[in-house]
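After this come two complexes, each holding chain A, first together with chain B and then together with chain C.
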Partner chain A sequence: MFKAIVSASTLQDALESVSVLVDECKIRLNEEELAIRAVDPANVGMVDLSLEAAAFESYEADGGVIGVNLARLQDIAGMANSGDLVHLELDEETRKLHIEIDGLSYTLALIDPDSIRQEPDIPELDLPAEIVLEGAQIDRGITAADMVSDHIRLRVDEAAEAFSIEAEGDTDDVDLNLERDDLIDLTAGPADSLFSLDYLKDMNKAIPKDAEVVVELGEEFPVKLHYSFAEGMGNVTFMLAPRIQSE
Partner chain B sequence: MGNADLRSLASIRDVEFADVEGSVVAVDAHNWLYRYLTTTVKWTRDDVYTTAEGTEVANLVGIVQGLPKFFEHDIVPVFVFDGEVTDFKSREIADRREKREAAEDRLAAAEERGDAVEAARLEARTQRLTDVIQETTRGLLDRLDVPVIEAPAEGEAQCAHMNAVGDVDYAGSEDYDTLLFGAPATLRQLTSKGNPELMELDATLETLGLTREGLVDVAMLCGTDFNEGIAGIGPKTAVSEIEEHGDLWGVLEARGESIPDAVAIRNLFLDPPVREDYAIDTTLDPDLEAARRYVTEEWEVDPDEVERGFERIEESIAQTGLDRWT
Partner chain C sequence: MEFAAFAARAEAIEETEADHATTVLVAALLADADGDLETVVRFLLGRVFPAHETRTLDVGPALCREAIAKAAGPNVDTADVEDRLADRGEIGAVAASYDFGGQRGLAAFGAGNGTHADGDVDGSGPTVADVDGTLRSIAAAAGDGSEGTKLDTLFGLFNRIDPPAAKILARLVLGEMRLGVGEGTVRDAIAEAFLATDAATPSDAGASGTDGDGRREDAGQDDENGEPVLTATDEDVAAVERALQVTNDYGRVAAIARDRGRPGLADQRLVVGRPVQAMLAQAGTAADALAEWDRAAVETKFDGARVQVHYAPSSPTSPGSTASTASAVDATDGIGPKLYSRNMDDVTAALPEVVELVASRVDVPVILDGEVVAVDEDGDPLPFQEVLRRFRRKHDVDRMREEVDLRFHAFDCLHAGGEDLLEAPLETRHDRLREVVPDLAATLTIADDVETIETIERRALDAGHEGIMLKNPDSPYTPGDRGKNWLKRKPDVETLDLVVTGGEWGEGRRASLFGTFEVSVRVDRAGDGEEAVHADRRFEPVGKVATGITDERLASLTDQFEPLVRSEEGTTVTFDPAVVFEVGYEEIQRSPTYGSGYALRFPRFVGVREDKDVTDADTLERLERLADAQ
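Right after this comes the complex of A and B.
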C-alpha cells in the first residue's frame, strides 16, 4: 500500500539524484521513508537516497518495493509547476502508479523489480579526510577540470590544511585550491585519489549549488559525497570508485 | 552448414554493450584472430609488422587493436584455441588449402603485373595461422593476463561447452557452429564496429520446433564443415523434412540418400571432445610494460601502430569498480 502527496520540487530533486546514474530503479516504500539505492551498469558510481515521510505533505506506506522507469517518472514530475503538489497512489492489483498533478492524471506502468539490476551493497569505508564545502565550490572545480581533462584529482594537503581539485590535460592544467578559510570545515588526513570526470560531472548536476556537501576522501579509495535537500529531510550519498594507476 | 543457411534459421537479436557489461566470453581464438589478421594485412603496410628477418606478426597488431573493446566494456575474454583438427574437417580444410594455393598463384601473377589492388585483396585471403602467429599470440595474451584455453579439438565446441556448463556467460564467434555445439548464448560481431548480436539456442529450438538433435540433423542435411549437404535441400526444406521424418536417418531413407560418416559427424556436434579441467581467473591484471616491450621491441612492431590500443587498455583497467570495496 502506498499513497503520498509531495511538493513537485522535492520529488524532482529526489529523482534527479538517482537519474544521473541509472535509467530505472527500485523504490522502497518503507513506513518511515522512501528509499532508493542504485549503482550504474559499470559498477562505478552509486547513489543512496532516502526521503523521510516528514518531507511529504502526507505519506502512507507499508514497506513494498516498486520498479520504475526513472526517465519516464522524471518527465511526468517535470510537468508540474513549482509550488504544485504531486499526488501518488499505487494500484497494487494492476501494478501501476497513479500520479496526479493539478488535474492532470498519469498512470505509470511499473517494472517488475526482479528485472532491475540488484541494489548494490554499500562499501563500508572509514575514510581519513572529511571536507565540507558548498556545492558551488565543487561545481567550480569540476567545470574548470572539464576544460582540460577526462580525469580529476581530489587531494588534501595535510600540512597546508587545504583541499584541492586538480586536473592535467595534454597541454593545460587546472587547480582549485581551497584552504580552511575557504571551506565550511576540514578534517585533514591522508587523501589523494583520481576519478573519472564523467561520473563526477553527472553527480554534480544533482548537487544543489547552495547545499553543504560533505566529501569523504582517502588515498586510492572511493570518494563519498553527501548532501541534504528538502530542509534536511532528504539525504543523498554518492559514492564513486577511483581510477588506480597500474604499476 | 553454410553460414547463410544457419543464420536464416537461428534466433539472433542485437544487444547493447551495456547489457553484456561485466560478462565473461569464451572467444574462439582462430575465428577472432583471423578477422583481425585479414584487416591488418589489408590496411597496414607490411613493414609495420615484419621483423628485420622477414617474420610477419600482423597478429600482434590485430590483437592490440581488437582487445581494447573487451576491456572498455568490462567484458573478460577467454581465448580458446583449436587443438587437433578433426579428421572429417581435413577434407574441407584440404579443399580450402587448394583454393588458397590457387589464390596464391594468382597473387604472384598479380604482383608480377604490378597490380597492387588485386595483390592486396588476394593477400587478405591467404592468411594462415603460422607457427609464429600461434606462438606470439599466446605470448602477448599471457603478458596481458588474458586467459587462454587449449581445446582438445574444435575451439568452438570448447567455447560452447564452457557456456553450457555456466563457466562463461557467452560463447564468442563470428560463425554459427557454436549453436550446433550446444552453446546457449553466443555473441557475434565482437570484431565489428557497433553493437554485438546475441544468438540463442533455446529461442532457436523453440521457434523451429526442434530438439538440439533435430537442429544438428537439419544442419547436416544442408551441409556443414564436415559434410556436404543433400542436393536440393535448403534450410526451410530441411526443417520440414525433419518434422516429417523424425530425424536424419528418416530423411535419408525417405530420399534414398546417404552421408558418409554421418554417425560420427552427428556425434561430433552432439558430444564433441572438450576439456573439462580448466581454471579461469577472470580478474585481469595486464602487464602493459611487458606487453609493449614484447610487441615493439622483441617483435619489432612499429610502436605508432599499437600505441593507441595499449593506451585504451590502460585507460580501461585504471577505473576500478565499487565491488572492490564491498
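Right after this comes the complex of A and C.
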C-alpha cells in the first residue's frame, strides 16, 4: 500500500539527485520514509536518499518496494508548477503508479524491482577531513575545472587551513582556494584525492546552490557529499570513488 | 575462468598461424573452460548470444570508443581514441594501448554493490562469467537513458582490466575477434577436445581421417612437419557438425559434446522457433549436375529474399480438437508463424501477409525454407530491390504492404508434424512440402537430360525469374553448407559476339516471328588479299540461340531481320550478315554439325550489339583458342 501527496518541487529535487547516476532505481516505501539507494553501472558513484514522511503533505506506506524508470517519472513531475501538489498512489493489482497533478492523471508502468541492480552498501569511512560549504561554491569550482580538464583534485591544506579544488588540463590549470573564513566550517585533516569530473558534474547538478554541503575527504579515498533539502526532511549522500593519482 | 586468462589464451591462438596448431590450442582452451565453456565458445566466435537468438549486443563503434576514452583518462577524449584508431587500424590494438583502471571502484572501499561477484577489489579483474553477465545487461538496457547506462557499464568493464584483456574485450564488444578462429576451427576443436577418445577404439581406428590410428595419446605430438596431430576422426567432426546444424548454437553443442558425448549430440533435434542456417548453393553447370547425379531436381531460382518459416499451430489437428498428435508437438505448441531472414533476423513483423498465409494453410508444426518475391499487378516478379523495401521494415508496414505485393514460394521442408527431415532426401522433403502447403510449394521437376533443363530454364526466364537451381534429388538438407548438392546454374562463363546468319520461323503463336537464330563466327582467310577478304568474307555457324527471348523482343528482332532475308526454305531462312548478337554459353564443344567444327553448349541470347559491326565479331580463331583453354 502506498498513497502520498507531496509538493512538486520536493519530488523533483529528490528524483534529480538519483537520476544523475542511474536511469532506473528501486524506491523503498517504508512506513516512516521514502528511501532510495543506487550505484552507477560502473560502480564508481552512488547515492543514498531519504525523504521523511513529514516532508509529504500526507504519506501512507507499508514497506513495499517499487522499481521505476526515473526519466519517465521526472518527465511527469516536470508537468507540475512549483506550487502544485503531486498525488501518488500505487495500484497493487496492476503494479502501476497513478500520478495526479492538477487534473492531469498519469499511469506509470513500474519495473520489476528484481530486474534492477542491487542496492549498494554504504560503509562508515571515518574520513579525516570535513569541509562545510555552500552548493554555489562547489558549483563554481566544478564549472571552472570543467573548462580545462576531465578530472579534479580535492585537497585540504592542513597548515593553511584551506580547501582547494584544482584541475590540471593538457595546457591550462585551474585552482579554487577557499580558506577557513570562506567556508561554513572546516575540520582539517590529511586529505588529497583525485576524482572524475564527469561524475562530480552530475552530482553537482542535483545539489541546490543554497544548500549547506558537508564534504568528507581523505587521502586517495572516496569523497562523500551530504546535503539536506525539503526543509531538512530530505537527505542526500553522494559517494564517489577516487581516481588513482598518477604522480 | 578469469577474463584475463581467457584473453591471454586468445592472444596465443591469434599468434598461431598453422591450422592444426590453432585447433589444438582452441581444444585445450575448451577443455579447461569448465563452467564457462558455452561462454568461452561464443566469445571465441565474437558472440555474446547464440546465432539463433535475435538478441544482439547492439554496441556501436562510437559507444565503444567513448567507453575506451572514459576508461583511459585523464584528459583522453573520443577524438584521441579515434586518432589512435586511424593510426593503429584496429580497435583491439587501440584499447590495449591505454592503461585502464585509473578510476577506482567503490567496492575497493567496501561500498557499492555486489554485482561483481568476484568482489571487484582493485587488481582483481572480472571473470569470463562477469564479462558475459555485464555484456548481457548492456544488451538488455533499453529506453530512456539507456545509452548512458550502456556507456557507464562498458566503461566500468574496461576500467577493471589490463591492456591484453582490453584488446580482446574491445574486439568482442564489436564482434570482430580476428583470432583466425572460424566456425570450422571451433567445430574441429570441440570434436578434438571432447570426442577424440570415443574414436580410439579398434573398430573406428581404420575410419580415422587423420593418420589411421586416431589415438588420444597422439595429442600434443607433432608430425614430421612440426604440425600437431589431430586425433578426432571425421566421424567425430561430423557428429559435432550435425548437432551444430540442428541447434545453431556452438556453445551449447560444446557443452553437450563434453557432458554427453556423441550420443548426446545425436539426440539434438530441430526446434520450431529456433532458426537454423540456410542451406546454400554454389555455381555449377547443368552438365556438372547430370554428370554427378545422373538426374537433377530443377526449380525456379527466385529473385527474392530467403525466408525460413517456423510455425507450430496451437491446435495441431482440426479446429476444436484438443488431441495432440505427437509429443514433439506439445513441446512446440503454439509458436509463430515466425519468419527469419538468411541472417536469422526476425522479419515476422515486416511480412504480415506471409504470416497470415502460413497460418491459414498449415495445420501441423513445420519449418519451411523459401523465398519471398515482390510481384507486379499481374503477378510477375519484380527485382530483388523491391523485396528489400519490405524486408527490414519496422514502421509503416501496412502502407508498404499496399505498395509492394509479395509472393511466398516454399521450396523445402525441414520439419513437419514432429518429424525432422534434414536427413531425408530432397525428393522426400519436397513430397512433404507439397502435403503441408500444396499451393505454396514451388514446382520441383526431376530431369535427366539437358534439353529438359534448358526448357525449364527458358520458361523460368520468360516468366521473369532469375534462372534455375539444380539440386541433387537424393541429398539431405545441410544448414549453412555451401556444398555441391545445390547449384545455381552458372551464369555463362563468357560471351561471344556472333554474327546472325540465319533463322527459323517460330511455331504456333510465334509462327509470324523468327523463333531461333543461327549465329556464326567470322572466318578470316589469312593470306588473301585485302580485296578478297571483303569479297569473300565467310561466316561459319556455331549454334542456334533461342533462350531468353521474350515475345516483345522477338517481334522487334523480326522487324529488324525481315529486310535482311536472303533466302527462305520452309521455315528456315538465311540472313545477310549484318547484325551481331552477344551470346552466352557454358562450354565450347567440338562438333561435326556446324561448319565451324564447334558448337556452343547452352547458347543464350544476351543482347544485340548495336555498337558492333560484323567486322568486329569474334573469329573462328578466337573460338578455337577459347575451346583449347577450357
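The rule is simple: the second predicted complex is superposed on the first by the 244 of 247 C-alpha atoms of A that agree within 3 Å, B and C clash if a C-alpha of one lies under 4 Å from a C-alpha of the other, contacts with A are read in each partner's own complex, and residues count from 1 in each chain.
As a convention for this text, contacts are C-beta pairs under 8 Å (C-beta built on N, C-alpha and C of every residue); 3 or more make two chains touch, one makes a residue touch a chain.
Predicted, not measured: the structure shown is a model, and the values here were computed from it.
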Fit or clash for chain B plus chain C once both are placed on chain A?
clash
Identify the partner contact of A:E231: answer first if only chain B is touched, second if only chain C is, both if each is, neither if none is.
neither
Quick one: name whichever of chain B and chain C touches more residues of chain A.
C
May I ask you to decide whether A:S149 touches chain B, chain C, both, or neither, giving the answer as first, second, both or neither?
second
Scan A:D114 for contacts with chain B and chain C and give back first, second, both or neither.
neither
After the superposition on A, what does A:P222 contact: first (chain B), second (chain C), both or neither?
both
Colliding stretch - chain C into chain B, listed as 314-322, 476-484, 548-556 or 584-592
476-484
Chain A residues contacting chain B in one complex and chain C in the other 39, 41-46, 120-123, 125, 194, 196, 221-222, 239, 241-244, 246
List of chain B residues in touch with chain A within their complex
18, 21-22, 74, 285-286, 288, 314, 317-326
Chain B touches which residues of chain A in the complex?
39, 41-46, 120-123, 125, 194, 196, 221-222, 239, 241-246
Note which residues of chain A are touching chain C in the complex, please.
19, 22-24, 39-46, 69-72, 117-123, 125, 149-151, 169-170, 194, 196, 198, 221-222, 239, 241-244, 246
Could you list, by residue number, the parts of chain C that touch chain A in their complex?
70, 73-75, 77, 101-116, 120, 137, 143-146, 148-149, 152-153, 155-156, 159
